[in-house]
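Common to both upcoming complexes is subunit A, partnered first by subunit B, then by subunit C.
Right after this comes the complex of A and B.
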């Protein structure tokens, strides 16, 4: 007499596979640490849309939020744009500078984007893509948090939120300068 | 306006599908014809509404309606006309629409074909199909709505992924999805058979043609995918064991096993449980493939967002697998084999072996694909296994399958006599050995290639011998050669359709073996006017030119290729710079040949055009893959013709 419960082994065999797949939700395949973390950030000098020069060297001593974006980056750059502006307003008097780098874009479209979101922090085009190459930008948006010593400390892939920005900035600002 | 209409149509279709599934179940329980008619009308309505969704989406693409997020992401004002149409299935949300649409078409065909013919199974089939359709409509309603509004409306869209702007992208997803969704029909019949308790051969006979159609489209989709990879990606290969490729290959393997094992059930009334399990697995793997490529649990380079879609798919996968396997378990008593295996040397045991190898291959591909996940879960480290693992494990399996492909169709059922073996296999085996020896004599030293080629000749000879004998027998009744051949093919279309599909697979196998063993390449930097030599080809760098296309900038090189004394042919590999993409896209140029392709990829270059780096490849026998696909098409078409013997 065959045990009748044995037949239920077939559906039961599916369970571990499903559990493994469910476990997959807890992990992030994109969570590959940037090799740039904790290394000196690459120097750059760009000219902003309003014509002012901006370089990493000139910002030494303050915490820098370096955000790579583009007007064609729908929807993530549009989603994060208000958060960037809010972050800038909240932290600019605490020794934080937000810098936007516009990647492979048409100037007209980029200016329209900036006007739409009333961005008041410096934004500069990256005409030859040199800065994005130096930072190993894989896609936009990506945001790098650079500490007062000029080292890359955090990298955020995809749209930035107020919470993430606050979390990283508070950590960096707590460090002794 | 379009977003609201589209969303409304989606929700209405979902409601109809749910109602239709429920009505069909109630009618099966109560025998109410009115409820069944209502379920059918719901199926027709769902089809009409999904068609409307497609029409709305196309209209939005053609009119650049960037108020729809999906349109804004997948097109921009420079996108050429055709790619504005194919952009429909260029990303997740649209693919699900296409998937639902195809599924609703299959459902409609099932309604019209079987509403009168299969009164007992049909209501359950309708219910299962509409239930599955409802799941995809649910995905379109909640986690991946294709008509999502975008505010503020951007002046221009992002544009379709440049790699997808290729003719292969018109046909590849369509073929693949016709294959994926097609397996829903045999799956639904299998479920209906289990529910009703009619677990005999009936559901297999009914769905045989459906399975072949789905299998054929899946094969075609895989081959077109290989072609796309070969002429777009610019690395000179057609298969890389990437998770996305594996996702489509696994159901192909189990479906191939299923196509063969059902013959054993039809003939010997064995393997009932096995066949049901195979079709459940095949269906499950089509869902798993979508889950894998869309959920983001395995690294895929293109998606940044990981929405809730993965959870929906996992939930559905769990429901489908647990539900159908439990149903299977509850019907276990009815699934006992009526026949027994008489001898190891018999067709049924060859088919069993074939199944064993195919399922083993599917398992290793599955294992390799989810390995990163497994290693992270168990050891906390993310490790991927690459092509070496898949090749190492699968090459012996596929060589064994080639061998069985020669033996299986001709060995006798039940128990093969020495006479049967000698009559069918002596000459082909000799032919295989002679071919391998001849290749060895002309200098082919690679053992794997010799084995593969020998096996291919062996299998081809068994088919040729069988066909020759059968035609000769018909000739005795007075037909001419061609009349006898045609008569045979049409009268025994199932058998000879299968043989022609086998021939197609052999041609593909030759392509794989030849290209892996004999392709050569080199990378070289050339000054203008300078030449490089590879395998008898001379490639001269003549210069660069820049141009502005509708949606990208392009730098094109001119390279004169000569082979021996023949006149030069100019190849134009290029690099395309799309504003929405960080890295430029290589546009390969190539000349396809019967035995070898010359294939040139433009790498780095000096802006003044003084020098350029290129990769030159001479790829051998790659064209055989595409020719094999053509042969496969002929065979599949023959096999799905109405069975002359059965209806006669």
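Right after this comes the complex of A and C.
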């Protein structure tokens, strides 16, 4: 008598919770979907560490790799730094620009970081965090791939690898300009 | 026993209603860039580098910069709703500490109350069964032979 309703009530309560847990464990917590994908990338206008102005507008027509980093971001930013420089050297003559945006950093530490890795692509500080928020950045490193039309197409959270960079850039360069 | 359960259920229900009603009480704004409005918007936004802290409560540099952006946008003539919408456009609903009460995230608001309702019904059913069961079951269970023996031995006990 008592068991008749318990027989279905317990599974009815437990099964949905188990399904929800199973779903939660299968999803990657780093995969917070960005609402910016396939939308026009936010305009920015910064001054690089070498004093040159750089803006998204001036890069229109080329594929842009926009990398957010900081010298205090250990170890991910240090791990990806050589791959960024290699990507820049491999793709700069194919219509790709790599731009580094330094987030919440001390200038001296940032310059040391750039010197350590011999970065030759443009890097600029974002002193008020405006560009970071415009790109919905919630941690470093994060890298955005912007196509020739100026739309955000891919977002990589965490350290960038040569393979990932090549994979996204080859896809974007194949598209008609 | 039954009164105890009912009291506990009432406390749970009242707490839930209070929690539901609390966020809708907003402090009145007094100026174009009222710090209280900045605080109010900031308290609805998740600090992106923290664990479970709002932009208003976090001492981090990121939260500080986000508060500056809120202040700037309010000063430029945007209303609190537009400022909130700007952050949602950049970060998605994830940035809101309270998920919107519409679409899929409406479930987050509704399911706890549905669960509470089902739980209360189950408790009520269980309590009714427990309080009724002993009276109905007890008398008919005794073997007539045993009863006869008890009666006999009891009457013998009375004799000196």
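The definition used in the following text is that the second predicted complex is superposed on the first by the 150 of 177 C-alpha atoms of A that agree within 3 Å, B and C clash if a C-alpha of one lies under 4 Å from a C-alpha of the other, contacts with A are read in each partner's own complex, and residues count from 1 in each chain.
Everything that follows uses one rule, which is that contacts are C-beta pairs under 8 Å (C-beta built on N, C-alpha and C of every residue); 3 or more make two chains touch, one makes a residue touch a chain.
All values derive from a computational prediction rather than experimental measurement.
Contact with both subunit B and subunit C is seen for A:129 once the two complexes are overlaid on the shared chain.
Between subunit B and subunit C, more residues of subunit A are touched by B.
In the overlay built on the shared chain, the residue A:35 is in contact with subunit C alone; subunit B does not reach it.
Of the two partner chains, subunit B is the only one that A:25 touches; subunit C does not reach it.
Once the two complexes are laid over each other on the shared chain, residue contacts for A:115 go to neither subunit B nor subunit C. Taken together, the two complexes place residues 104, 129, 132, 137-139 of subunit A in contact with subunit B and also with subunit C. Contacts from subunit A toward subunit B in the complex involve residues 7-8, 10-11, 13-15, 18, 20-25, 27-30, 70-76, 78, 103-106, 109, 112, 116, 129, 132, 137-139, 157-158.
Taken in their complex, subunit B has these residues touching subunit A: 69, 72-73, 76, 150, 152, 154-159, 277, 291, 295-300, 304-306, 310-311, 314, 317-318, 321-322, 325-326, 328-330, 332, 370, 372-374, 376-377, 382, 579-582.
If you check the complex, the residues on subunit A that touch subunit C are 2, 5, 9, 32-36, 104, 128-130, 132-139.
Of all residues in subunit C, those touching subunit A in their complex are 48-49, 61-62, 65-66, 68-69, 87-92, 94, 122, 125, 129.
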